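In the part that follows, the structures are each spelled out as structure tokens.
What follows is chain A paired twice: with chain B in the first complex and chain C in the second.
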Partner chain A sequence: MRETLTAYLLISPQMLGFLVVVLIPLITVLVLSFTDSNLLAPDARSVGLDNYQTMVSEDPAFWRSVVTTGIFSAGLVVINVVMSLFLALVLHRKLRGAQLFLALAFLPVVTSQAAWAVVWRFLLQGEGGTVNSLLSVFSISGPNWLFEAKPALAAVTVVAALKTVGLKAVIFLAALRSIPKEAVEAARLDGASEWQVQRRVILPLLAPTTLVVVIITLIGSFQVFDYIMLMTNGGPSHATTVLAFAIYQQGFELMRTGYASALAVVLFVITLGLVAVQWWARKKWVHSE
Partner chain B sequence: MRRLRAPLLGAAVAATLAVTGCGVGSGDSGGSSDNMTMTVWTTNPDQLKLLNDLTAEFSKTHGGGKVEIQSIPQADYLTKISIRLSGGTPPDLGWMGAPDAVGMAKNGQLVDLGPQLKDDASYQFDDFVPASFTNWQSGDQVWGVPFSTSPFFTIYNKDLLAKAGAQDPAKLAATGGWTWQALSDLGRKVQPTLPTGSYAFQSNDGGIYGKLVWTTLEPLIRAYGGKVFDPDTGQCQLNSPESVAAIQAYRAMAFTDKTAVPPGNEADFFAGKAAVTFTQTSRLSQLKGAGFDWGVAPLPAGPGGPVNFTGQAGLVAFKGGKHEKLATELVKYLSGKEGTQKLASFFPPARKSVLAEAEQIYAQGPLPKDAIDPVLVSSIEKGYPFRYPSAWPEVLQTSAPVFDKLWAQNANAQDVMNDLCQQLDPLLKRDVAGS
Partner chain C sequence: MALRVLLYVLLVLAVAPLVFPFLWMASSALKPPAEIFSYPPRLIPQHVAWENLSEVFRLQPFARQIWNSVYIAAAVTALTCALSLLSGYAFARLRFPGRNLLFFLLLSALMLPAEVTLIPLFKMLRLANLVDTHVPLIILPVFGATGVMATFLIRQFFQSLPPEVEEAAQLDGLGRLGIIWHIAMPLARPMLGAVAIIAFLASWNSYLEPLVFLNRVELFTVPVAITAYTDATGHPLWNVQMAATAISTLPVLLAYVLARRQITDSLAHANSR
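Coming up: the complex of A and B.
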């Protein structure tokens, strides 16, 4: 009995923190999503499922932001995971200067998101920006990156992906170093080519790590805000308005906290759903947990 | 539902603030219930000291507890005030930007100061420039008093203009020759002499392609004889021939002449990367240690005549505050003639009697002495601010993606403005009686 009490006492600070910063706001958001709460209006009424109904059937901006979020997240996950995995595989070969290269790739991770976004905003300037100046060396006329719809979404996706490549590469590198050498040697003794070793031995053994990296990258991609706010402010013409940014616009620009809460609930459910699907799917493609 | 929402919001906000340690104000915002709270967005220690001195004096003469000045960063200001209003714990009084105050007044969140200000002869309500109350008054009701009526004016890099052999805008202005056409001509002359990445003209804070588009377009459209909308009918007029001509003139500078900073590029006047821009007195502190000589002139005129345009912040008392009556008194005290005189060194006043003393008040800057009357005083006396509709947040939200289309290289300004007006009309008409 005393031990149980001590255990509860020990976990109580954590539980109190969870209650205050996670559970109460979460429940508040859920409750607000059923109201027409507006910070500029004196009163709020319960509106049942109206916010959700409006979202689905009357608000084209919602569907547009869902599609934009999907494109952004897919692009971010693919670029981020492929680049970091490739980097880790190269660095794992212990080439000369590999550590220095890793340190360079890790630099953006320790840079603040705001600074990263603002620097890229300058690099991506339409006329005379560094990126377009480099392209012009190869006689390529670059677009006005952040003022044209498709280039803007592509630019924001790549900039966000590059920021954490170093971190994910370190995670993959640690996983690569924990792969038993015997497995690789056995494959080689059996006559497997280098490509077959990578494809048939190393990648499957990396699957649990890949799953974790994909999940955290996906969750992070759904919450992206800083890059959008600082680089495009959701524009041009909504081209980069992802769901998280739409929530901000509804809640803190239009002050429609009820509707913003409903959007937040939907984002929460989508994220939870996708993570659940991935978790379930791991059984199919992760064999070495 | 309100009963339910207030504690929920309160709990969520309190929890977040408690854990992140970022209270709404500075200092002990929890003070005794006798204390009044006044919110501001300045962090300038000299301005805070002046406000503390003035409010301490007020407490001595009017009773009541101490007045706690709480400084909230401007970026979060409206959100935090709105959350406090929604949670039933608003500050007693505070600064408020004109665009936000209009919506708050419409939603009944501000105290009507009209009777207290107008019935007291010693307050001299008539001393204010009438246009300064454009956004603060509806009928007999007064929702706030402008404590800062800051004119927009032209500022230019004398060195860059001299190098290009361009005429001095202040001298042109003195003879009525400082127009948008003159600015366009000046741009074509100056641009070839500038290094890559520098431009002849930068819009106000570079904001024409972003959130400051309205305050940048308004003086341009007025110069061409147009207006953004007609407040009497709620009719958007951005698609009128005058408005479209004004916008096409700007587009020509950005896309044809390439003399104005184009969309997607940044060139800051204060860093010496632009020859001419528009600004307000509060930005002039950025010129401390500037490596170039500068001058100021009024805003350029146009076919529609000269333009005097001001931006505004006001003092308001919040409804539901613990000390509504005393807060109203404090607004009155700070915006009375004496209070205005003391605040004027930082905040351009709208009181005519204080403007008459402008040369003494601004003897030490920030404007050059010869610009005080033609630029500062004249702009406030003759000027009027942008008239914000009560649906301002929705107007901003609706217009942003349409303006993005306007700043595409091959956009048709007339078509884009027609589209914009079609979308804005229902929002603008909300303020028209009977609509």
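Coming up: the complex of A and C.
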């Protein structure tokens, strides 16, 4: 009894704060999504499912933002995981200078997203931009990256993916170190080539870690904001407006907080679905081991 | 041998886009406007424009903005450490009804994109007259995802620790708070260090919340400030912007060089749960 009281006392500061900062806003966003709430108007009226109806059947920007989110998130995960896995596999081989490479790859991780975005925006300027100047050395004439639809989406995806490569590489390296040496030795004794060892022994053993990294990266990619806001502002003509950015635009630029709340609910449901997939996949993995 | 060379080449290619922006940021921070987009691009400026650095402080109250970031991050760090020590310890060591349910509920904050709850939060904080103050920037991370992550790490830490020491202290007549203060906190020092690093970086680097909650320039934090160096038409003053960005990045990079192991392990640990 006393222990219970002490426990509640100890957790109460965090739980009360959590209630105010997370739980109540989460319930409120659901309520707001059924209203015509507007930042400029004092009162909001209930409009039933109107916001959702508009979203699905009248707002082409909604479906476009869903597709853009899909492309952005998939691209980000693939680039991020492939690069970090490659770095980890190579650096695990005790190359000279491995620590230095890892330290350099980690620099963007500690830097703010805003700084990373600002510098890349500068590098990706169309005329005289550094990236295009470098490309022109190889006689490639680069696009006006941030002002053409496809290059802009590609640019924000790559820039966002690069930022956390170092972090994911460290996570993969930790997993690599925990692989029992015997498994690798045994494969080598059986005459497996280096390539076969990497492909048939090491990569399968990394699968659980890879799954975790993919899910974390995917969930993180849904809340991308800084890169979009600072590099393209969602443009050109909404080509880089992902769902999370559409919430911000609708809510804080167009003041349509009711409609933005409906978008937020959709983003929340998608995230929830992914978390469920993660649990299911982890469970399956643990059972099959 | 050939494989070795190939691996090095691939390594350099992979790491180049991660390092190059820093070099270019530093170089452009010291270039006069005329050289910013000069062709062919040069890493070393022909004329070093030290005045870019003073422009950073002349065009905006940048020293004040750095101070804002520092004290907000310090407050977030201190509060996160304190709260997560209390509740992380309780969730790990004490038995009480609803323990798993409440912890599970807390964890949901880790999955939640910040944008989902931002609109209700803005409305609530506006009602409380807290918009255009620093209060939201302190309470949102402390009670939101950053704080929850900290509690998760502290709980995990105590679960991996045998409780015998604390039980002995209890027999010696020390109360719960005494145990937390005299025994648990010193034991958890390494994990509190990790929590402090995570909390400080999260606050120092945050951009969306200050953008939404702050209007007055003198209240800006660094990540918002570095994006606001523009000319009258709203076009970025690139060299000044790069100088401000370089100044803002320098302390973090310096901290990273000094405490590389600690920072790497903390962030990797927090992100691979």
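Quick notes on this one:
Following the convention adopted for this analysis, the second predicted complex is superposed on the first by the 278 of 289 C-alpha atoms of A that agree within 3 Å, B and C clash if a C-alpha of one lies under 4 Å from a C-alpha of the other, contacts with A are read in each partner's own complex, and residues count from 1 in each chain.
In this section, contacts are C-beta pairs under 8 Å (C-beta built on N, C-alpha and C of every residue); 3 or more make two chains touch, one makes a residue touch a chain.
Quick caveat: nothing in here was measured; it's all calculated off a predicted structure.
In the superposed pair of complexes, A:20 makes contact with chain B and with chain C alike. When the shared chain is aligned, no partner comes close enough to touch A:150: not chain B, not chain C. Of the two partner chains, chain C is the only one that A:170 touches; chain B does not reach it. Once the two complexes are overlaid on the shared chain, A:114 sits against chain C while remaining clear of chain B. In the superposition on chain A, A:46 contacts chain B only, with no contact to chain C.
More residues of chain A are touched by C (comparison of chain B with chain C). When the two complexes are overlaid on their common chain A, residue A:105 makes contact with chain C while staying clear of chain B.
Using the contact criterion defined above for the overlaid structures, shared-chain residue A:199 touches neither chain B nor chain C, since it reaches no partner.
Of the residues of chain A, those at positions 17, 20-21, 24-25, 28, 32, 39, 121-122, 125, 127-129, 252, 257 touch chain B in one of the two structures and chain C in the other. By the touch criterion stated above, chain A contacts chain C in their complex at residues 3-4, 6-8, 10-11, 13-15, 17-18, 20-26, 28-29, 32, 39, 83, 86-87, 90-91, 93, 95, 101, 103-116, 118-123, 125, 127-130, 133-134, 137, 162, 165-167, 170-171, 174, 209, 212-213, 216, 219, 222-223, 225-226, 229-230, 244, 247-248, 251-252, 257, 260-261, 264-265, 267-268, 271-272, 275.
Across the interface of their complex, chain B is touched by residues 17, 20-21, 24-25, 27-28, 31-32, 35, 37, 39-46, 121-122, 124-129, 144-148, 233-238, 249, 252-255, 257 of chain A. Of all residues in chain B, those touching chain A in their complex are 1-2, 4-5, 8-9, 11-12, 15-16, 18-19, 79, 82-83, 85-86, 103-104, 107-109, 196-197, 209-211, 258, 262-266, 393-394, 396-397, 400-402, 404-405, 407-409.
Considering their complex, residues 4, 7-8, 10-11, 14-15, 17-19, 21-22, 24-25, 28, 36-41, 83-84, 86-87, 89-91, 94-97, 99, 102, 105-106, 108-109, 111-124, 139-140, 142-144, 147-148, 151, 176, 180, 201, 204-208, 211-212, 222-224, 226-227, 236, 238, 241-242, 245, 248-249, 252-253, 255-256, 260, 263-264, 267-268, 271-272 of chain C touch chain A.
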